[in-house]
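First chain written, first letter: the chains are A, B and C, and each begins at residue 1.
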Amino acid sequence: MKIRSPLFNSTTGWLLLLALAIAFPFLAGNDYHLTVMSTAYIYAVATIGLNLITGYTGQYNLAHSGFMAVGAYTVGILTVDHQVPFWIAFFLAGVFAAILGFFVGIVSLRLKTHFFSIFTLCVGYIMYLVIEKWESLTHGTVGIIGIPAPPDVAGIDFTSPRPQYYLVLFFLVASLWIMHRIVRSLLGRTFMAIRNGDDLAQALGINLMRNKLLAFMLSVFFAGLAGALYAGFVRFIGPGVASVEHTFDMTMYMLVGGIGTLLGPLLGAIGVPWLTQYLQVLQDYRFVVFGPLLVILVIFLPYGIVGTYMNRKRRKEALAAQAAAPAAPRNVTPISGAKGATHA
Amino acid sequence: MELFLQQVLNGLTLGGVYSLVALGLTLVYGILHVPNFAHGAFYMAGAYSAFFIMTKLGLNYWWGMLGAAVVVALISVLSERLVFHPLRKAPYLHHMIASIGILLFLEAGAQAIWGADFHRMDTPYTQLLEFGGLTLPAQRLLIIVAAFLLVGLLQLFLKKTVTGATIVAMAQNREGAALVGIDATRVAMMTFAIAGALAGMAAVLYAPINLVYTSMGNLVITKAFVIIVLGGMGSVPGAIVGGLIIGFAEAFGAFYISTDYKDIIAFALLVLILSVRPQGLFAKGAH
Amino acid sequence: MLEITSLTKRFGGLAAVNDVSIGFARGTINAIIGPNGAGKTTFFNLVSGAIAPTSGKVLFDGRDVTGLRADQVARLGMARTFQSTTLFDTATVLDNLIVGHRLRTQSGLLDVILGSKRLKDEERVCREKARAALDFVGLSHVENRIAGDISQEERKRVAFALALSTDPTLLLLDEPAGGVNPEETVGLANLIRKMADSGLTVCLIEHKMDMIMNLADKILVLNYGEKIAEGTPSEIRANPVVIEAYLGSEHAAA
């Protein structure tokens, strides 16, 4: 929880990652790799959102992919059925997801942790079923096809993989930057205090409802944003986008990388899909491996790869500082007051 | 009038199945204090076990039911020993994620072995029975009878036997039970075994009507959650009554309102009730 | 500065706290004692707003705070600690304390995204307050230790520091010396005395009789949710009702 993210102790670490990301299209073999990476980036944005409410604030939202679908369908419905310009629809996607998040949040965030999760699981199902059945609005199981790509900006054509990649990368970087700001700040600390325990947080003067709601709305905003990116990138959406399976995937990414860290979900969201790519066989049955992996991680490595590394590093630094500084004797507070000497 | 009674019977059928699943879930909740998301996968595993026994081993429906009960009881106990027991001191989030891990593994495993298609499960009870204008498929009658029988047996077990009483005690107050010297490990395993068996049998009862497929547990488990939240976590009567309520609500809702949105009814009920009473309908104090 | 009138809390038919009235003066150390289950923590919960009373009134610094939420009461200057101290075990001690001063800050989401000056200033203030609080409890040297690695007694001090960083006028300490050995208990008692000397009002729940008798200016005795006695340590020691209910006759001569 140190202000400086220990793994990348300064901005140079992140800049290095950014440089790699920018260089990737030139290093990658073909367009297919670009597509895989871009899709990974899109889900990374959503995962970063999920991490805010679950990793940092301690509430496990199982409707997260439902909100992603809300974002995707906002773009789909507005652009295809109502000829709304893409970027306006795109902007509205995140906003609409956040508004929906407000209403779901005021009801659900009063509930204790596992009630909240069950509730959001049900909300997620409702979202999925509504998308599937409300054919006049969402085209039902057929889905929405022919979603326009983002229109040309300054002559850049977003129908080809490379510009698409950079567009998605741009939003990923923006999302990371905002999230970085949030979790480092007093606001982030407030969220973490809530995760640590409602009672203590309240005793510290933290308004639970207001802060949980803020965290929730922010997290589903990211989900909606990711959904909008998905719609503009894949250009075809169906009810499956809302499937709770995607939330499970994202949980996997968070856990592997390190829940409640900034780098963790990012690494997970990029690393895990690539892993499944290489183990092509696994693609449809990935959960045969991921399922037990989740269990093992949660039992043996609950802080994920990045989280465990960060904890170790923090501990080493603390011990080093301890050894370096002269061991100060415990301040024996002088006995004062009329009570005189006391003994056990 | 007959249509109405028809729906009553449908409600009983659904209610019976839901109650059996919810019962297992609520008993386990009492031990874990965390909802076991894998319970739906246990249900599915029951159906597939029976399917395997009936098709590959060629045995009849009742052997399938028995096999399902045993297999799922086993899977359930293994989950308790290997997953939930090591996590007993961990935060709730970890329990939830772990149970999801089990769920994903079982579903993907079933899909890997049997594919994603829907399978039919045969039953010896294919006749249509007629009572004064009402048509009732024999399987549905079987479900109703079997559900009530199993629930009755469970109640007897919980109330009249020592083991049963300890399960109830633990479900209601784990720390207190430990203080009184109850062997938590044995009771936990037994509870998981019973919960698993019930879920497995419920699946075998319902599968001939509803087909066998890998995601068959998802909707059922989510509704079971609704039931135990409404009926009270850890409460056996709550699970039974709640199951019947949801069963009837769905049967009547499907017929009189809309079949398309019938699945939403349970969730809508949950959303409604928790919005008004965040602690559930039968709150028992701080949990 | 804390006036409690007829405070009652019923759960169903059972009264966990029943018609308790008492006043606590500014700058004093007050102890609440009673057998297990007497309703002491419930009493704290009622006063601090963690649960709402069934009836009765709580006046804090002349202001009616009955039924206010715990975070509202905290902002008015009432801080509390809990029997079990939850800290961020994987973060440093100092890191744990920074959020303590949050309630006195105004920065919101916009400040965070824009990186406003207000945010920077407030974060600096929070950090300074955290350091000051840590220094007050005598633990400046563990500032960079990982919170999970410190001793139980140090954890209790850190919990005090957290409460102090909220800039309170009243402190409710629930079993501040729990799980701490006799020598360390003396240290903690001295710290509590130091807090009162600096102008704070302290109320504590404790079971360690020697600590209380030497520390408290006033003692409130609860049994079965009701007040059975109130007074100075010597008065309480001599009170037959208290002796019978709680202390036991072997202490009558102490």
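Here is the rule we use: a residue touches a chain if its C-beta (ideal position, glycine included) is under 8 Å from a C-beta of that chain, and two chains touch if they have at least 3 such contacts.
Listed by chain with UniProt protein names: B = Branched-chain amino acid ABC transporter permease.
Bear in mind that the values here come from a model prediction, so they are computed numbers and not experimental data.
K.L.:
Of the other chains, whose C-alpha centre is the longest way from the centre of chain B?
P.N.:
Looking at centroid distances, C is the chain farthest away.
K.L.:
What chain pair shows the greatest number of contacts?
P.N.:
Pair with the most C-beta pairs in contact: A-C.
K.L.:
Taking each chain's centre as the mean position of its Cα atoms, how many Å separate chain B from chain C?
P.N.:
Centre-to-centre distance between chain B and chain C: 46 Å.
K.L.:
Report the inter-centroid distance (CA atoms only) between chain A and chain C in whole Å.
P.N.:
37
K.L.:
Report the inter-centroid distance (CA atoms only) between chain A and chain B in whole Å.
P.N.:
32
K.L.:
List, in ascending order, every residue of chain B touching at least 2 other chains.
P.N.:
Residues of chain B never touch two or more of the other chains.
K.L.:
Would you mind writing out the residues of chain C in touch with chain A in their complex?
P.N.:
Chain C reaches chain A through residues 48, 50, 69-71, 74-75, 79-82, 86-88, 90-92, 95, 98-100, 102-105, 107-109, 111-113, 115, 119, 122-123, 126, 138-141, 144-146, 149, 162-163, 166, 182-183, 185-187, 189-191, 193-194, 196-197, 210-211, 214-215.
K.L.:
Would you pull the chain A residues touching chain B in the complex into a rising list?
P.N.:
Listed in rising order, the residues are 54, 58, 60, 107-108, 110-115, 117-119, 121-123, 125-126, 129-130, 133, 244, 248, 251, 255, 284-288, 290-295, 298-299, 302.
K.L.:
List the residues on chain A that touch chain C in their complex, please.
P.N.:
1-2, 178, 181-182, 185-187, 189-190, 192-193, 196-197, 199-208, 214, 218, 303, 311, 314-315, 317-318, 321-322, 325, 327-328, 330-337, 339-340, 342-344
K.L.:
Which of the residues in chain B come into contact with chain A in the complex?
P.N.:
34-35, 82-83, 86-87, 90, 92-94, 96-98, 100-109, 111-112, 218-219, 222, 225-226, 229, 260-261, 263-264, 266-268, 270-271, 274-275, 278, 280, 287
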